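First the structure, then my questions, so here it is.
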Amino acid sequence: MKNVDPIIAIHNVTKYYDRFRALNNVSLDIFPGEKVVVLGPSGSGKSTLLRTINQLETIDSGTIIVDEHNLGDPGEDIHKIRMNMGMVFQSFNLYRHKTVLENLTLAPIKLRKMHPDEAKSLAMVLLEKVGISDKAASYPAMLSGGQQQRVAIARALAMEPKIMLFDEPTSALDPEMIGEVLEVMVKLAQEGMTMIVVTHEMGFAREVADKIIFMDGGEIIESETPERFFENPSQERTIKFLEQIL
Amino acid sequence: MKNVDPIIAIHNVTKYYDRFRALNNVSLDIFPGEKVVVLGPSGSGKSTLLRTINQLETIDSGTIIVDEHNLGDPGEDIHKIRMNMGMVFQSFNLYRHKTVLENLTLAPIKLRKMHPDEAKSLAMVLLEKVGISDKAASYPAMLSGGQQQRVAIARALAMEPKIMLFDEPTSALDPEMIGEVLEVMVKLAQEGMTMIVVTHEMGFAREVADKIIFMDGGEIIESETPERFFENPSQERTIKFLEQIL
Amino acid sequence: MKKIDIGDGAAIPSPDDKQLLSAWWIAFVGTIALLIALPIYDPDTYGAVLAFIPDGIQVTFEVTILSIALALIIGLITGLGRISENRIFNLLASLYVEVVRGIPLLVQLFYIYFALGRIVQVPDIVAAVIAMSFCYGAYMGEVFRAGIMSIDFGQSEAALAQGFNKAQTMRYVILPQAWRTILPPVGNEFIALLKDTSLVSILAVADILRRGREYAASSFDYFETYTIIALVYLLITLILSKLLAHMEQRLNYYEKR
Amino acid sequence: MKKIDIGDGAAIPSPDDKQLLSAWWIAFVGTIALLIALPIYDPDTYGAVLAFIPDGIQVTFEVTILSIALALIIGLITGLGRISENRIFNLLASLYVEVVRGIPLLVQLFYIYFALGRIVQVPDIVAAVIAMSFCYGAYMGEVFRAGIMSIDFGQSEAALAQGFNKAQTMRYVILPQAWRTILPPVGNEFIALLKDTSLVSILAVADILRRGREYAASSFDYFETYTIIALVYLLITLILSKLLAHMEQRLNYYEKR
Amino acid sequence: YAQRTILFATDATWPPMEFVDNNKQVVGYSIDFLKAAAKEAGFKVEFKNTAWDGIFSGLLTGKYDAICSSVSITKKRQKKMDFSEPYFEVRQALVVAKDSNYTRLVDLKGKKVGAQIGTTGYFTIKKADGAIAKSYDEVGLAMEDLKVGRIDAVICDDPVAANFAMIKYHNDLKISAIVKTDKTEYYGFPVVKGNHEVLDLINKGIVAVKTKGIAKKLKEKWIGK
């Protein structure tokens, strides 16, 4: 895999919230098709890392290059770059005033200038894929959390992104709904999507990840394959974390 | 004990909230100096029973006689009768705009027309008794829950009542504070106060109660001494309740 | 500290407020009854006033509707300014709100009317509309600001993450949702504005009140005139407040399960 | 549905609202600067207006303070009526609120002024105060109602359980606490009322605006006159809003840990 | 050829000189006078109902060409505007309650006296020694206040005073005196300074109306004796 260029290259990135250093000199390469799972205790900077990748947060130093676009370059149109990255939030964030179908078609029509009919049929395919096509005409408030999150994934996919970012996609779900969302994510992984997933679902991490990143205090402490990470953790903090969580 | 008249005599009391029957034909005698603990599952009517005794709730049928005053008699001044009954609430309900000392002196000065100096010295004695005299000048918001509840007890005692009603006085408290409140209540019991206590503190019930009332569905299911109640519960519902709670 | 929500002269009764609803009915029926009975009782005074003012009602509505439309536009811009990260834009919007709030509407009306007269020649009614909407724009700005801020920040984030820019996010995602929160206070402002248009009568715009004053000036029936005028305003605002209360209840379609 | 809290022309900046605070300072300094610079620049117009209106300022404050005092009393009674279990009392209070809210203040002013004139002999300033407070009493009633209802019901229960009757409970326990919640909106109403007293100028009460209009009518310096009047009102409300914001912050003494 | 149209502002709250009738038409002595003048001099008139308070401001800023609203010709006003020839001689009347015996300005020391804002009546009170001047938006409001006793007297133009005191409020009010002034007061039609074109047209009409005796007929129609 290392003979191709990374699709995301993060170099020595540091990020402050006021005085608080949320990311400390983070470097990370992600290659096309790779699935990276980010683990770490609360407040360790996982969300911040994800959010700097699509520039929902600006960085203070270092560089982030996504698909050959340097995000720090003022000449780059960040909105264009974001179109190629889908993001799934812990709290779903579906457009509450739009039906499920409209949630999927809004961005393609307005941003990709897709014909509404085309956007609709693409949307229906995606809804089929996440197993929720019967709810196309419903409003988000009528859906369960698990259903909403599957729609959120489909919405992200509707822009046909090259990379998918997941920030604890199952943390806000009741236990009985976590499975249905993970299932969709596993399918997506099998289809070869490049994915960065912040999660506490160790089963998913073990099964899907090519690489596991462990963060603490704004730093990347470990970066390993799942086998090595779970069987032979090298760092003390990782061991402590795993003890708590498993 | 049964050779004196009951200080509270409740006969065939029924109480509706709209269509919902919260008390169903309840009868109960309480004698001077007696300590009655009321147990029962949530919604069984315990609070309602207590609140009908000092007429915070009106009843639909039956009679309640407190200290020889029939509460249903329109000639009776309910406010006078209430002065002889102290009530302690789950949520303390201290007057938030008054200092601890003023909480204790307000009713005696305004209702008993006590001289302010006299009210103050009585208040200080009571605060001493509940172990909180150093907070006399504080406002309720500055006190812990346990401290507030002890002030609430002292406030009720400041009117020198003949009867004290407690509605789950420790339910809103953190575990480490329950003890300090129960201690005050035990002391009060030892001094011979007539007390009706709704509580889930079984230790307190066992130690202090002369009689335990068990309610369910708005009815009194059992009325027993603590020994008989805990060792030989006769009713099925009581047994089930005790199983759950112990 | 808890905040109390008091509309400014808003008369939209909450559906929970039973007492005010029945007061509404009594007021409504009473107003209509008086508006029918008084002219029958004395056609020469009450009846004559009522016959005199209909075109004033039309003017009142014209001024109100034009003003609210303009105020909405000003309010949207002001509201966006008040939440903007652009320092200058934000400060200008805040200053506008602060100044407008600090000066009585009547003084603003006079001022704008006379100052405007020095610069451009516009019909009275246009001057009145400009003055009213300049003033109400500031209040609308606060309504928009509050409405926009009431929308969960996650909605913006989702839109930005999809590649929408800020303006698009506002247009496609935030405003359509904020509308729902904004409409009730806008309704209140509409009623308040309708009542405040009575001030333009001072500028000789021929609204309800002006017509009434003209009638009273030649007939001298002050008491009868103002009785009818008060009843007419009351009837209008009662009906409007009822309509708005109904509209509000229908707004929540996408939150229903 | 979320509710938006918009004061009616209230200008009390929340201490969190940094942008509005700095707008306050700019407005304040700017107003003072203009009030000093304009009369120096042209003493014959701006200066003359400023010299003409001081007794108007006094009248404006007199009317405002008397009206707010009376409105508070009416408001307290109305608020108690609106939460009363007594059907008649409650309905009367609700009806009063509904009717007053439905009629423009200016129309009410005219109506009460003239109607009152036919019944009793009172000086015009008293009539103005009665009219203003009749109208604001309804708004105050809603403020009192909301303030009283904001007090935890447990406070009433505790007082009743101690033997206080309802009136005593209200007086010793509820109102002293409600006051804290009521004061900020009362402050807003005070400022709103001060601005609305400009309407009494139409009743020939010699307030700021009336004095200004008189000056302009004989000097023809309309623009200059209304500039000064607007600045004077702005200065007054800016100062008042600042004072009220300070007062609000000191109100919470017994909730501090 | 098309006749010149001249737009006149009028505060139609001044019966019988100019007011709104039941058909919402502006009518009255001044109005008829002007209409007759227009006919004589060959121009058209249009009226715009305007509040008295801002009526001069509107003229100065060009909202209309002239004012037809019982405007008395005064020195101060002449500094700002040009006036037509006088078209009506007016005196200031003192209106008081029926049972009152105020007949001179000096009687009104310390008393409240009302007038419409910015009228010569108001300026008369201001000049009177010791009277408390109260200005109203409309003269009718002052009359109403006089009737209910909030003020002690009203000073206004005599035809207007006559209209109030003799028709509507004849049970309550009376004209107790005509205020003596050093100079006779006349109504004129003001225009913006230097607008000779309009002024000449109006003056031409006024002269014709006066000489042909139309003015006298109008006086009988609107004012009576």
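So that you can tell them apart, the chains are marked A, B, C, D and E in the order they are listed, and the count of residues begins at 1 in each.
We take it that contacts are C-beta pairs under 8 Å (C-beta built on N, C-alpha and C of every residue); 3 or more make two chains touch, one makes a residue touch a chain.
On a predicted model such as this, the values are computed, not experimentally measured, just so you know.
Student: Which chains are in contact with both chain B and chain E?
Tutor: D
Student: What is the shortest path, in steps, from chain C to chain D when you may only step between chains that touch?
Tutor: So the least number of steps between the two chains is 1.
Student: Determine, using the mean of C-alpha atoms as each chain's centre, which chain is farthest from chain D.
Tutor: Result for max centroid distance from chain D is chain A.
Student: For this structure, which two chains share the highest number of contact pairs?
Tutor: Looking across every pairing, the one with the most contacts is C-D.
Student: From the C-alpha centres, identify the chain that is farthest from chain B.
Tutor: Farthest chain from chain B, going by C-alpha centroids: E.
Student: Averaged over CA atoms, how far is the centre of chain C from the centre of chain E? Could you give it in whole Å?
Tutor: 37
Student: Report the inter-centroid distance (CA atoms only) between chain A and chain B in whole Å.
Tutor: Chain centroid spacing, chain A to chain B, equals 57 Å.
Student: Measure off the straight-line distance from the CA centroid of chain D to the CA centroid of chain E, and report it in whole Å.
Tutor: So the centroids are 38 Å from each other.
Student: Once you find the CA centre of chain A and the CA centre of chain D, what distance in Å lies between them?
Tutor: Computed value for the inter-centroid distance: 54 Å.
Student: Would you pick out the residues of chain B that each touch at least 2 other chains?
Tutor: none
Student: Quick check on chain E: which residues sit in contact with 2+ other chains?
Tutor: Residues 53-54, 57, 137, 144.
Student: Find every residue in chain C that makes contact with two or more other chains and list them.
Tutor: 110, 114, 118, 180, 202, 222
Student: Pairs of chains that touch, anyone?
Tutor: Every pair of chains meeting the touch criterion: A-C, B-D, C-D, C-E, D-E.
Student: Okay, in this complex, where on chain D does chain E touch?
Tutor: 114, 117-118, 121-124, 127, 202-204, 206, 210, 213-214, 216-218, 220, 222
Student: Note which residues of chain E are touching chain C in the complex, please.
Tutor: Residues 11-13, 15, 19-22, 24, 49-51, 53-54, 57-58, 61-63, 137-138, 140, 143-144, 164, 168-169 of chain E touch chain C in their complex.
Student: Given the complex with chain D, which residues does chain B contribute to the contact?
Tutor: Spelled out, the residues of chain B in touch with chain D are 54, 56, 79-80, 82-83, 85-87, 89, 91-97, 106-107, 110-111, 139-142, 152, 155-156, 159.
Student: Touching residues of chain E toward chain D in the complex: what are they?
Tutor: Residues 53-54, 56-57, 60, 76, 80, 114, 117-118, 122-123, 134-137, 141-142, 144-145, 147-150.
Student: Within their complex, state which residues of chain C touch chain D.
Tutor: Of all residues in chain C, those touching chain D are 1-11, 13, 19-20, 22-24, 26-27, 82, 90-91, 94-95, 97-99, 101-108, 110-111, 114-115, 118, 139, 142-143, 146-147, 150, 180-182, 184-185, 192, 195-196, 198-199, 201-202, 209, 222-223, 226-227, 229-230, 233-234, 237-238, 241, 248, 251-252.
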